Amino acid sequence: MERTAVYPGSFDPITNGHLDLIRRGLNVVDHLIVAVAINPAKTPVFTLEERLEMIRRAVGDNPRITVDSFEGLVVDYLQRCNTHILLRGLRAVLDFEYEYQMALMNRRMDRKVETIFMMTGYKWFYVSSRIIKEVVFSGGTVEGLVPDFVNQKLKVKYQQSRQKKI
Amino acid sequence: MERTAVYPGSFDPITNGHLDLIRRGLNVVDHLIVAVAINPAKTPVFTLEERLEMIRRAVGDNPRITVDSFEGLVVDYLQRCNTHILLRGLRAVLDFEYEYQMALMNRRMDRKVETIFMMTGYKWFYVSSRIIKEVVFSGGTVEGLVPDFVNQKLKVKYQQSRQKKI
Amino acid sequence: MERTAVYPGSFDPITNGHLDLIRRGLNVVDHLIVAVAINPAKTPVFTLEERLEMIRRAVGDNPRITVDSFEGLVVDYLQRCNTHILLRGLRAVLDFEYEYQMALMNRRMDRKVETIFMMTGYKWFYVSSRIIKEVVFSGGTVEGLVPDFVNQKLKVKYQQSRQKKI
Amino acid sequence: MERTAVYPGSFDPITNGHLDLIRRGLNVVDHLIVAVAINPAKTPVFTLEERLEMIRRAVGDNPRITVDSFEGLVVDYLQRCNTHILLRGLRAVLDFEYEYQMALMNRRMDRKVETIFMMTGYKWFYVSSRIIKEVVFSGGTVEGLVPDFVNQKLKVKYQQSRQKKI
Amino acid sequence: MERTAVYPGSFDPITNGHLDLIRRGLNVVDHLIVAVAINPAKTPVFTLEERLEMIRRAVGDNPRITVDSFEGLVVDYLQRCNTHILLRGLRAVLDFEYEYQMALMNRRMDRKVETIFMMTGYKWFYVSSRIIKEVVFSGGTVEGLVPDFVNQKLKVKYQQSRQKKI
Amino acid sequence: MERTAVYPGSFDPITNGHLDLIRRGLNVVDHLIVAVAINPAKTPVFTLEERLEMIRRAVGDNPRITVDSFEGLVVDYLQRCNTHILLRGLRAVLDFEYEYQMALMNRRMDRKVETIFMMTGYKWFYVSSRIIKEVVFSGGTVEGLVPDFVNQKLKVKYQQSRQKKI
């Protein structure tokens, strides 16, 4: 049976940790929808269009991967995608508890939804979009932790943010 | 693509928590091999044959489930089964860290192995084979937490253990 | 001896998890004061009056329960209530550490204060006011996780928030 | 209403951490039953009689405290004591998860049972019977962490264990 | 060999927990640089100058301690200080995971950087700048948890914040 | 000032994770004593002599490293070594709590003792002597996770254990 999973996230920006999980996910399902979750309450560093474009460029031309975005509940989005499998990465105990609660809540809203968790490779254990941004906006480099072109874009954002201050 | 996952464990005995995970696993892969891991260093309450029989009876006649046992490394067993997907349940933070380390170690021994984790339903959050045995061997009942016939077998084991003492 | 405990919280809004804890608390003490903590630094979804009214309606007419609110330190409020017992719910490891630190701090400010923790029932393990609001404001339903009339009020707040945007 | 709580444990031996919790417990309930749980699967350092005697001596002559022992399920013992309140100490995250599972399990066996948790004072944060024994049997002293006479008895046990080896 | 460690933090304000760690750090290295990290994204209660002055006054006249501030990456600051040792305090599991990720990230940016962690004394287990401020701004006292003159300054800030509201 | 730290452990056997920590420790102190803790209650796979020899071979000829063993309390051993610095590795939350308790206990026995923790490199995050032995005794290989000659010795132990069974 052909199976599709949705891998939702902010991807602000996509990191090598995300890409590792996408590669692993494709070892378990046939098709993966990498879906940027639009959260009106947050102010991302990159616009939705920038984030979608970066993901598309990072995953390349792979017929088994779709890049998309959605607003609202992920369980509703799953239904629109005709699937019931949610893919999530786990790195740390702090992730774990929140993810557990969300997995139970999603299942309550739609009994068919199954969340599968995969552990991020140890190389990316300490890589999150949040830490990536913290480092770059303190003047550091994240080479090797994100795709090269993402690194370039981060540097540009950093320059722009410095000029605004002046 | 047809996909098979191995769900290894001691199953000493099988609980409703395990059965919940088996049902969920079948929503994600096509075929599931429930595999009793033989650990010569441990002394289980039920013999290997008893454990296999209880699992078979609990899962019933389902062409998508195979019940089996193995000794040695789970990554070698996966290879013999012609698959690379390992299914594990997660309930608590204490599970999480050990499982993370084992997932990394298994991947190191065989780069193709992918472990997928699914969260046990909240109803079975507090159910483990260990607690089940603790309760029964203190004279308590675990009705509703294990299949009825497992409950009967646990009572018999408990009676036998009490007679031995006298 | 008659004993009273204070059960403080934001209750923004009250959930079935809170109500479960209130019921349990009454199995341990004679009188319970459910007290909305006023935090000037936070912007709740419901006004203080709305929150008090929802709690009153949810707990019904029970002579053993008082619904109240307070500003400032909970240890001072306990003194005004002529009691020294604080009731808190525990759900997860993340709660645990913060609650431990607060219990030690409260005890330091008033040596007589004792915090008793009760575990939320597993059915409400994943229910918090925060997740309830996240789900509703993403367009989901929380039926069965909060009292029905709270569910209605949440829907109204959600409609209002959408109209504001337009 | 008069209320009684059962505080179960191995008490092998009783520590100042236990005594702190007993003192706190008496601020919340009227009567406390300190109950040594007999676990046939474990080999304690002190016999049941020694443990009971040490607890009795440590708590002194207090009409609000009963010292007792029980075998089997704590929920059955609670029933025999005509109460439904269980008192447990919490120190660390590792305690927390096991205690949560046990609280849910006990409640399942008897819906009336309520477990209340109190946090051990920070002074006793690192004191457990296990660590106390580890230190003493490595030749260290635990003065100030257990009552003085317990310290003496531990030293005697240590001497006896050394003579056995020779 | 003479060794210097950098102990970075917000110190908003310095607490007895920080001072305990500084004292301990001096038992392990020869020279300690207590460095206020300037974070433009945060709004501290005390200005940089106030924080520096409070630290200086609290540590007193000690030739082995330097008080300083820095902006940007701590690894760059280490280099400017001609050292590679970072000192951090650990209190809780929640600290632990974030600190682990930061330690790995810092090491990635500069392979020579070593982070050493020391555990805060149990007396200060529940003391953090955040909780200190929460208590003071709710009208409580933190006497004995911060140096006396810091306590005075906190009271002044609290009075000022109340007058602003009126 | 010249500083020496003691790095105690079972080292049954030494792994690349231990060696990583030894290398890091030498970036922080001048001299390191790698000390096998003799625990009469445990049955190690390797004898004390084997473990000492393996450590010596693994660390090579380094005048800044001493390899030794001790029985009893580590705080007493520190005193005999004329130092007060204890070095410990941290990998996971489970380690963290136990290590915290031990650090507090050691400090209680000797106020001068300071424990410094260093985080194991992410590459060795999942490597512990226990998992190494589990893998080898299940027929797996741990090449690259321990020094090559340790790998050889583990294989010999595994062969011997299999012949004993037959």
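Each chain carries a letter (A, B, C, D, E and F) given by its place in the written order, and its residues are counted from 1.
Definition applied: a contact is a pair of C-beta atoms (placed from the backbone, for glycine too) under 8 Å apart; a residue touches a chain by one contact, two chains touch by 3 or more.
Since the model is a prediction, treat every value here as computed from it, not as a measurement.
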Point to revise | Result of counting contacting C-beta pairs for D-F and B-C, higher pair | key: D-F
Study note, to complete from the structure: For the C-alpha superposition of chain A onto chain D, the rotation angle in degrees, rounded to the nearest 5, equals 180
Study note, to complete from the structure: Taking each chain's mean CA coordinate, chain A and chain C are separated, in whole Å, by 33
Exercise for review: Return the distance between the CA-based centres of chain D and chain E, expressed in whole Å.
Suggested key: 38
Point to revise | Intercentroid distance (Cα basis), chain F paired with chain C, Å | key: 48
Study note, to complete from the structure: The positions of chain B in contact with two or more other chains are 93-94, 97, 100, 104, 122, 125-126
Review point. Which pairs of chains touch each other?
Key: A-B, A-C, A-E, A-F, B-C, B-D, B-F, C-D, C-E, D-E, D-F, E-F
Practice item. Quick one: which bits of chain E touch chain F in the complex? Just the residue numbers, please. Key: 1-3, 24, 27-28, 30, 84-85, 90, 93, 96-97, 99-100, 103-104, 107, 112, 114-119, 121-122
Check your understanding: chain E touches which residues of chain D in the complex?
Key -> 93, 122-123, 125-126
Review point. If you look only at chain F, which of its residues touch chain D in the complex?
Key: 40, 72-73, 75-76, 93-94, 97-98, 100-102, 104-105, 108-109
Point to revise | Contact footprint of chain A on chain C as seen in their complex | key: 92-94, 125-126, 128, 131, 135, 138-141, 145, 165
